[in-house]
Each structure stands twice: as C-alpha cells, then as structure tokens.
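For reference, the structure I am asking about is given below.
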Amino acid sequence: MKIVYATRRERFNAAHKLWNPEWDEQKNLDIFGKCSNPNWHGHNYDLYVTVKGAPASDTGYCVDLKDLSDLIKKLVVDVFDHKNINLDVPVMKGVMASTENIVIAIWEILETPINQMGCTLHKLTLYETENNFVEYFGGH
Amino acid sequence: MKIVYATRRERFNAAHKLWNPEWDEQKNLDIFGKCSNPNWHGHNYDLYVTVKGAPASDTGYCVDLKDLSDLIKKLVVDVFDHKNINLDVPVMKGVMASTENIVIAIWEILETPINQMGCTLHKLTLYETENNFVEYFGGH
Amino acid sequence: MKIVYATRRERFNAAHKLWNPEWDEQKNLDIFGKCSNPNWHGHNYDLYVTVKGAPASDTGYCVDLKDLSDLIKKLVVDVFDHKNINLDVPVMKGVMASTENIVIAIWEILETPINQMGCTLHKLTLYETENNFVEYFGGH
Amino acid sequence: MKIVYATRRERFNAAHKLWNPEWDEQKNLDIFGKCSNPNWHGHNYDLYVTVKGAPASDTGYCVDLKDLSDLIKKLVVDVFDHKNINLDVPVMKGVMASTENIVIAIWEILETPINQMGCTLHKLTLYETENNFVEYFGGH
Amino acid sequence: MKIVYATRRERFNAAHKLWNPEWDEQKNLDIFGKCSNPNWHGHNYDLYVTVKGAPASDTGYCVDLKDLSDLIKKLVVDVFDHKNINLDVPVMKGVMASTENIVIAIWEILETPINQMGCTLHKLTLYETENNFVEYFGGH
Amino acid sequence: MKIVYATRRERFNAAHKLWNPEWDEQKNLDIFGKCSNPNWHGHNYDLYVTVKGAPASDTGYCVDLKDLSDLIKKLVVDVFDHKNINLDVPVMKGVMASTENIVIAIWEILETPINQMGCTLHKLTLYETENNFVEYFGGH
C-alpha cells in the first residue's frame, strides 16, 4: 500500500470580527486591536484540504478531487462564503472567530463525510492573509 | 527626460456589501447575488499605485517608494483597513461599495498629494480577489 | 464619465503541439523544438479578460463580473478546457496553436458578445506558463 | 547533527488523459469526466523535491541544490517535459496517469540517485493545477 | 486540548556570498559557482515561522500573530534586513551563509523567546528564491 | 496585421546599495535609509520583457520566446545575475543603482538586438520585491 496525500484548495470570502462579549469595548480593542472593529472587517480565505490514502488501481485516484471539491463546496463554502462568520455561520456561534477556531470548526464538519469517501482527512490549512495561516491535524 | 512608471503595492482587509437602498431585499439579491448578504462579507484587497516621472539624477528615484508607501498607508490603508467600507469609510458614504467605485474614491484621495511629490499619479489597480480586479487611470 | 477597466480571470487546461503541416518532422523539430512533440504536450492556461466602461450608478458595476465569468466559461472555457487545441477546437482548425493565435481566436469569440453587455472588450492576456504570456488589444 | 529539509522546484508541461482501457468510452467518461477526453489535455506540472540531511561544515549545504536540480532535470524533466505521459513516458506505461501515480513513479526514479548524493529523499510534491496537488513520502 | 499550528511570514532582503576562507578563489568557484562572486550577490528572503499550541478560550488565539510578527521583526528582520549576512550579522560570523545555516541561526534566536509566549516554535521555512527553500524543525 | 504583445520573464539575484558618492554617510542614510547600508544588501529581481509584433503565418509566433529568452540570458542575466550591480556591472558604473536606472540600462542593452529579431521592444518591467516594481517604455 503506497499512501499518498492529496490536497484540494477552495476559497471563501467572509466578514468577521474578534470580539469577546465578556469584555468591554476598550479591552477588546486592547487585546484584538483593529480586528475588534465593531462594524466588522473581512478576508479572502484560502482553504486547503489534505486527505491521505492509497491510489485505487482502476482510477489511480486516492480520492476523486472533483468529488472532494463538491463536498467542500456543499459543506463549507456554501456555509462560509459571502457570510458574516460571527452572525451567519451556525457552527461558529459562541466561538471566537479566529482562524484557529474556524479551521477546527471546518474539521468537525468535514471529518466524517471525508472519511466515508474511502480516504482519511489528514490536514486542513486555512490562509487568512498571505502572511497568516493555520494548520490543523485534528488536534493532536 | 526618461519617463518611468513606478508601482507600490499596499494591502487592506475590509468588510462590505453590495446593496442599493432604493431596492428591496429581493431585488438586491437578484442583482447582487450573495454579495448582497445583509450581514456583510469581506475581502483582502491588494492596491497597486503607479506613478510616472523621470528618475532624479541624485537619487535615481522617480519617487521614494518608502515615502509613497507612507502616504498610501496614511491616506488609504488607515481609512479602509479592518473597516466596513459601507459604514466606516467617509468617502464611500452614499456610494455603492463596488471595486470600481472604491478605486475611483482612492484616486480622489491620492491624486493631489501624489502629484505634490514631484511625480504624477498614473494608474491604480485594485484586486478584490485573485480572479477580479479593476484598473483606473483617472477616468479617461 | 469615469472609465474603469475591469478584469476577470478564467482558466483552462489543454493539450496542443506546434506543428506546421507544410514542413517535415525534422523542420518542425528544428523550428519548434520540444513544442513539436508529435504526441502533444499541454499547459494550464490563465486567461485575463479586461473590459472598459463607466460604472453604472445603480450597481457600481462597469459590468457584473459574474455575468462576464459565465460568458467566458460558456464561450471559451467549455470550448478549450480539457481539449486538444489542434484537434478539438473548431476555431483553431488550420491555425498554428501558438499562444498568439489562441488569444486572437478568443478575441474573435468574445468581442461581440462582450460589447453587447454594455461595456467594451479592451484586452486579453493569456498565460501559457508563469514565464510566457501574450496580450492582445484587438490587433492595433 | 542538525537535520534540515531542503527543497528544489522544477517544472514540466505535459499532455495526458485519464483512461482505463478495461472500460468503454462511456464508463471512462462517467468516472473521469472531461479528464477522459480521448484527444488528451495537459498541464503545467510543478514538482517540489525535498531532501533531508545535515549541512556539511565546509559548504553549509545539506546538498548542492544546483546538483539536485541537474539530477531532477536529467532524470525527470527530460523524461516528462513536453511529452504525452500516457504514450511517451516509459515508467508510466500501463499505469493510470493520475497525479498520484506520476508522483509515485518519480519517487522510484529519484530515490536511489538522490540517496547516493549523501542526503535522503524525504518528500515529493506535485502540483497539477493551483488547486490540486499530491504529496508522497515513499508510501508510508 | 486541540493543537493547531499557526504561521507568520516575514521578509528580508540581504546580500551574501558562499565562500570558504580555507579554500582559494578557484576552489570556491569550483564548489559554489556564481554564488562565490567576491563582490557579493543577494536575495529577497521569505521566512515562515510556525508555532504550535492550543487556542486560548478567551481570544481564540494560539498566539497573537501580531505579537509574533513584532518579535520576529525585532529579533530577526532588524538583524538581517538590508544587511550583508557575512559581514553585518553577528550570529553568522564564522558560519557559511547558506540557507541551511541561516535558518538554523534564526531558530537559535527565536526558540526561547517564542516558547516564552505560551506556544512552541515548531518549524521555520526560509525561501531563498521561488525555487529553493529550507525547512528546519530544531534539528531532529 | 494583428499586433500582439508577447512577454518573457527572466530572473536574476544581485547585490546593490543606494549611495551617492557626492554625499557623506549621514546624508546617504538620511535619503536612502537602510538601502544605503555600506556593506550592501540584495534582491531577487524579476524582469519581464514585452515585445510587439504580428504573428508569422508559418510559426504563429510574434517572436520565438525561446530565442528571446536566450538573448535576455546572454545580454542581461549573465551580466547582472549573482553580481554586485554597483561594482560588477559595466553599464551601471557611475549610475545610482535604483530599479528605475537598472531598467533603463537594460532597455539600452536590449533595444537594438530585439528589434533585429523582427519585432519591437515595447516594455520592460522590473520587480525589486513583491511590493515594488518599475515599468519602462523607452522613456516616452
């Protein structure tokens, strides 16, 4: 069995702010700086989904990346794209909308459906800007 | 006189929505699609500012791009970055927050101060995503 | 009237070869080098379509880039993507499949439909690789 | 011993199709979609070769990346570049020309010669498009 | 505890040469080629600093990437940027100025201060060009 | 005659400093900041060479970009790559080593040989960093 790691990139554009409701506006500003702007700001997010598995002998695919793309679009892009992450995304309710927490939430969404495709979700990488990104391997 | 065109890139991250207040929610949705999401969405904007002029004999510079960067940061990035373009940016009040109109507004901001630096503002390019961008030469 | 230039990027992946049927295999190899490989090679092409026009007062759009994207996908991407440019693309029959000629052929396809959208086709840029690209303004 | 991981990128442009000869045209189309186009399509492939080892005290190099580049060009780029992967590449005969299988074949080619350079082949990454890529660590 | 890996990119532009003072000019040229040019050459270096840790419940941050950026700028960028790595950078004195050795030196600089921020330095990646880069995990 | 604009990218890595010998060290520091570091710094330069012309009927080429690449490598890359622009590059002697002046010097080198290839040199673009670049059309 020759294990390979296949990655698909998808993108979404969303608004958010970093705001802890247990803190007043000044403390939010002290901790989060301009990321706490009450009227929101936003980003173009780049999401890389990496799965691992052995290529099938009849297709040469670890997974059909078109199927993986369709799954990510249905379960993640349609939920986050052109949305307000704090207000519009159910799985982010009550959670700080940091890149770290977004990528953990996406893992929860994708892990079971991807593992039912015959491969294993291995890593998520989420770029918030060209300078900042977070990787997640399921928490370990 | 050997005219060159020098360009500086700056970046800002902002929220916006495309929403015509003279239309109801359904018509906004029909025209703008997901860009009309009432709770906003956002982007990483890349702004390229191109000036033209002849290199000075003592510096070799058309313009000191560090000075140009400082000017753009003070007049544009500080105004748009981590802001809601519809709500927080004075020059965008009452204007549709399309990339086209944002780039025109930035031209109005930058034209006079740049031309006082001894060169001429030639072009602005504003990327909303890796797939969509708008260029502006002052309207002609 | 403030004229802006709006650009949409689309992509297609295609096979081709550079082969002049009036020359024998040796001369094709002499002129085109490895680009003349009889069994074809291929590229990821990046196409940038630039239109010019004034932003509409009710939308802020020069053109709806989603509509422009749909048009390019229907008229260009569906014709060239995952195709053999020499064998499968009707408008390229009898034409050398160089980047120059591909971009001219795409202009012929897009010029009239884009100009019927209320803006003007201004420029096409076609990247064959990260190092080679061709721009076309309609021939002048 | 301070182990570092050094990577060299090389590129090649090739034609291929995904086609299982045990299936008829309709089943190939059902499974592989437009990737099964009988007349081929193609890509610009980006290959990243990562080796591990300790920097030598006299050169500071884990491996001379110029030597590594020359080796990859001779053994991989000259074999795949401007070729039809299904028809022209001996090591891909009888193998589905998926990115997964291409990267495994390149590992077989490079592993021994690289390990004879005094470092160890650690990872290959092969980009088929900006959205799809496969990594391989030798199968484990 | 859900461990994530957060990365911050910073950049610096520097001159260097590869030159072993125990060898004569000819041997340096034989081994290092044009990298041994006595009058130096230079690069735009891209540095990616990856830390691991669990997101805090009150901020959602593994580490505040703004704080991490400030630390890297103070300890690394201010030391290497617009400098001659061989002549101006104290930690590189007596060390071959290869990308491998630069990344090891940066690890020595950053490891303790980053680990005092409540997360763990996990990986450094240093790009010398778009084609050459080195990763370092602390030597193991 | 259908005129197209074809572009070839080449790269070189070089050291330089901005230093006006008629000024003392303090004034050089005041004007050029860290770019005046006496021991040099350096960059990865990206050069885009754009020529205009009509595609030939027998090749489909405006110019063979392989020939253009060879010419640029011989006349520009071999002169600037892994060199000190102030000390090692004859055409830059006595000239401030700004991006503006480098691109003008490259135009002087390339204009006649390119125009002898049957096309016309139209534009040079020289990137010093991802944020700074200069374009030149021959001075007008």
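Order of writing sets the labels: A, B, C, D, E and F. Residues in every chain begin at 1.
Note that in this section contacts are C-beta pairs under 8 Å (C-beta built on N, C-alpha and C of every residue); 3 or more make two chains touch, one makes a residue touch a chain.
Quick caveat, the model's predicted, so the values are computed rather than measured.
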Given chain C and chain D, the chains that contact each of them: none
Farthest-lying chain, centroid of Cα atoms versus that of chain E: C
Equivalent of A-D within the choices C-D, B-F or E-F, defined by over half of its residue contact pairs recurring: B-F
Chain D and chain F: spacing of chain centres that average the CA atoms, whole Å: 33
Rounded Å distance, chain D centre to chain E centre (Cα mean): 28
Interchain centroid distance [CA atoms averaged], chain C/chain E, Å: 41
Per-residue multi-chain contacts in chain A, two or more chains: 130
Interchain contacts (touch definition) - all pairs: A-B, A-D, A-E, B-C, B-F, C-D, C-F, D-E, E-F
Residues of chain E defined as touching chain A within the complex: 1-10, 50, 55, 58-62, 65-66, 69
Chain D to chain A touching residues, read off their complex: 18, 20, 22, 31-33, 95-101, 103-104, 130-137, 139-140
Chain A to chain B touching residues, read off their complex: 11, 13-16, 34-35, 37, 39-44, 81-84, 87-88, 129-130
